[in-house]
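Across the two complexes that follow, chain A remains constant while its partner is chain B and subsequently chain C.
This part shows the complex of A and B:
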């Protein structure tokens, strides 16, 4: 009975990939609006934080999950996007969506350079080069302190909600459009747009080629794929996402400073991508949520259990580290991989039970 | 001239530490094909153990020995409990496990020992030798740093070249299947490899700490430069790790001495990219074979 219902529901869905993804994104938008309107400023800013982690993480998924190139340097690419946004918004002449697009474009350009250098490298050598990138780029901001503000960084004037929008929101929900909520909206709408684009891209010819390169370079090359070009392209797409993530970060944090783009940021992105479930956009979202919501929850739990403030603050990274290790040991495919495995086991058991029933009643084994 | 000598000497002793750290990474890479990002955190942890012993009134040398022994045990335990299940699996999973350990060890250290800066004593003087009327930036402690790194390297060479255990370790790193067929207990060798590497890493941690401040994140810079050094030399070559470490130490010292310390990280990036563009598998790689 439930099977026929799901089949009927499936018939109602649009048949094209674009249509299905569009529907998914619209549903996501609805959820985002409801959640952001129902939560307070603190949660709003947490969701804003999650949005920029997630934008960068889904970009990294394309690079690491689909194309098999590891990057420990995406924090540096986010820095490029953040500084571009900061410099453009400082002039006051550019509306913020233009600044964000410019940030994505500049970072994509940086991605061409980095990707071209990285295309020849494999495994740990690529990891080492990108790790050096992660610590090197913030140094650039300190060296050219006249432009980038040195250690102090650039103060970013984040966009204020325009009056007509605030009025319209007040009219609909009778709630104020706070600055935190507005920024969270910007972040999540950007994230949904990125998700739509990437979901289509991964289902396209390019997605297939990237997977082919990841799974077997030699076979892909024999099939006519130009490895270097596809690798650089993956890097460019991934870098553009990181740049957008950096742009949102700059607006949410209101600051672009070297201390915001430490090696920890780059490593956190990689852990988010792998722990959620490598190669899947949903997995990257899950990983980013874990990154943002787990530490405060653990700290809260720690203070409830009677730990002092500093001890509770240290409990959060401890639990995060342990979660990383345990997830990798228990569920090598990440959280999403474990869910898939459980579902698979469940359907197989149900199918097995049905087969046994069928054999019992009509003796139609095979 | 005097500045040049000082910068060179400072670079050499710093490079010796990077070399030791890179060597530890290479030992683990050769044995298990894993980059141990937790190496720095583990070394930090054992250095804190030494600091606790020193503060309890024990001698520096007892604490030194205890830290190295602690590194040995910690490396073995980590390999057995956490690394063994991900060995031979997807490379990224092992990376994430070591990153998780990296985060967790730092948090444990902060919980146990506090996250404030604490000074770590040095066993030898920290004022430079005098040559004529000049004071060069080479202290008795720097001599100890270079000397102990050289001793450890010679010890490792002797172990791998001349002993039965070393031969078995090389065999299991070269080909696990064949080694197993020949009666080598490969698992034990891998554990031993991790233990030795962690002890060498602990040594690097102690040497960096001597006469400096320690806090739970003080090894973060060393892991970056140590990794860069290992990649520079070629991850399969212990000699390459040493050369890479000295090169990075010297280069960074020159950059910070003549151009400005804020360019150090950029210089590391530039050197690494330049080398990898010419030799994608490091300076001392053999001809690369690719499995089809």
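This part shows the complex of A and C:
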């Protein structure tokens, strides 16, 4: 019976990639509206924080998970996006969506340069080169302090909700469109747009070729794939996402400063991607949520247990580290990998010894 | 495995068999002439020439270390020859690169299979068909209808290649979960999906059982209806029964070339390699293959 239900549900879903992905994004938008409207300013700003981590993380999972290139420099790419946004908004002449697109474009351009260098490197050498990026870029901001504001950084004037929008929201929900909520909306709508485009890409030829290059270079090359070009393309797509994430970060934090883009940011993104499940967009979302919501939850728990403020605050990175180690030991495929494995085991038990090979259709991994 | 050709092609009994040999040298589809490769002080290939005619199965044999794989790597652009030329339809290929091969209609299987373990069988074979894609990055990013149509066309090509190679029933499986013999056929399907005019098979019979090898032989003969094939293998029965012509390498030099029976009786070949193998092959008394009856 559940089989016929899922079959009926599958018939209702659109058959095209675009239709399916659009439907998913619209459902996501509905959830976002409900959640943001039902939560207060503090949670709103947490969701805004999660959105910029997630935008960068979904881009990183395409690069690292699908194409097999590790990057410890995505924090630096976010900095490129953040500073671009800050500089453009400072002029006062550029509307914020244009500034965000420009940030994505500039970072994509940086991605071409870094990607071209990275395409020739493997494993630890690639990690080292991108690490240098993470260390070097914030230094540039300090060196050219006339333009980038040095250690103090750039103050970024966040966009304010236009009056007509605030009125419209008040009319519908009888609630104020606070600044925090508006920024969270900007972040999440950007994230959903990025998810739509990346889901399209991973289901297409490009997702397949990226994975093929990751799995066997020689065989991919013999099939006519230009390895370097595909690697650089993955890097550029990933960098554009990081740039957009940086743009949202700048507007949410209202600041683009070197201290915000340390190596810790790059490592956090990488752990988010790995903990969630390498190569999966949903996994990257899960990892970003963990990144944002776990530390305050742990700190809160610590204070409840009678720890002092400092002790409780130090508990958070400890627990995060423990979670990372446990996930790597228990579920190397990340949270999502573990879920898939459980589901697989369950269906296999239900099907008994029925031959899986008889299933003729293939599913795209997402 | 189903024979893809229209005519009955079993062993050397088929009517279309060796039709390439009697003719007065048609223009070679693919030719290697005077190729020399040195690795440091070692000469891996020394003035090697080889011409593959249309619809011909051409065997390359020789003892271990004779330079067979190096020759394949030269044909694929993985190794640059120190001297000599490679030409296709009479045109020299000056800047041969591996990624350009597929576009020229040359496909190759690898000794180590090189299947993409994170891709399903269908996806593996679709990568092989990738040279037939028509839509670009933007249509994939926006999932435009053009991209969807492209994917359908590639899937269809992959499906045909999988049916030919007899692996369609494993479409949704991952290569790692399949027996080795099936994985080899998936790799073959991936090469066929490129719809090549020249197929380079690197040890297609290694690791296969006796029956699977005879099946493979019939399949390769059937493929010759559609393309030329260069075959490197150690299984003498297979090479002798399937190939129209054979080139024998020893220490990087061509010691003999010609039809199987000529090559087999050549004293240089017997010296280098075949003597021992042929006697062993003859004592096996192979049915279905009459390669040792001469």
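We adopt the following convention: the second predicted complex is superposed on the first by the 352 of 366 C-alpha atoms of A that agree within 3 Å, B and C clash if a C-alpha of one lies under 4 Å from a C-alpha of the other, contacts with A are read in each partner's own complex, and residues count from 1 in each chain.
In the analysis below, a residue touches a chain if its C-beta (ideal position, glycine included) is under 8 Å from a C-beta of that chain, and two chains touch if they have at least 3 such contacts.
From a predicted model like this one, the values you see are computed outputs, not experimental measurements.
Enquirer: Considering only touches as defined above, state whether A:208 meets chain B (first), chain C (second), both or neither.
Expert: second
Enquirer: With the two structures laid over each other on chain A, which partner does A:189 touch: chain B (first), chain C (second), both, or neither?
Expert: Neither chain B nor chain C is touched by A:189.
Enquirer: Taking the superposition as given, does A:143 touch the first partner, chain B, the second, chain C, both, or neither?
Expert: Only chain B is touched by A:143; chain C is not.
Enquirer: Once the structures are superposed on A, label A:109 by its partner contacts, choosing first (chain B), second (chain C), both or neither.
Expert: neither
Enquirer: Just chain B (first), just chain C (second), both, or neither: which does A:124 touch?
Expert: The answer is first: A:124 touches chain B but not chain C.
Enquirer: In the overlay, answer first, second, both or neither for which of chain B and chain C A:200 touches.
Expert: A:200 contacts chain C only, not chain B.
Enquirer: Who does A:218 touch here: chain B (first), chain C (second), both, or neither?
Expert: So A:218 meets both chain B and chain C here.
Enquirer: What is the contact status of A:101 with respect to chain B (first) and chain C (second): first, second, both, or neither?
Expert: Neither partner.
Enquirer: Same chain A residues contacting chain B and chain C, which ones?
Expert: 218
Enquirer: Taking the touch rule as given, give the residues of chain C at its contact with chain A in the complex, in rising order.
Expert: Touch list, chain C to chain A: 76, 78, 98-103, 107-108, 110, 114-124, 126-128, 130-131, 133, 135, 137, 140-144, 147-148, 150-151, 154, 168-173, 190, 194.
Enquirer: Spell out the part of chain A that touches chain B in their complex, as residue ranges.
Expert: 64, 70, 117, 120-125, 127-129, 131-133, 135-140, 142-143, 218, 263, 267, 270-271, 274-275, 278, 310-311, 314-318, 320-325, 328-329, 332
Enquirer: Would you mind writing out the residues of chain A in touch with chain C in their complex?
Expert: 16-18, 21, 197, 200-201, 203-206, 208-209, 211-212, 214-216, 218-227, 233, 356-363, 365
Enquirer: For a test of understanding, state which residues of chain B touch chain A in their complex under the given definition.
Expert: Residue list for chain B touching chain A: 29, 35, 37, 82, 85-86, 89-93, 95-97, 99-108, 110-111, 115, 220, 224, 227-228, 230-231, 235, 260, 262-266, 268-270, 272-273, 276-277, 280-282, 290, 292.
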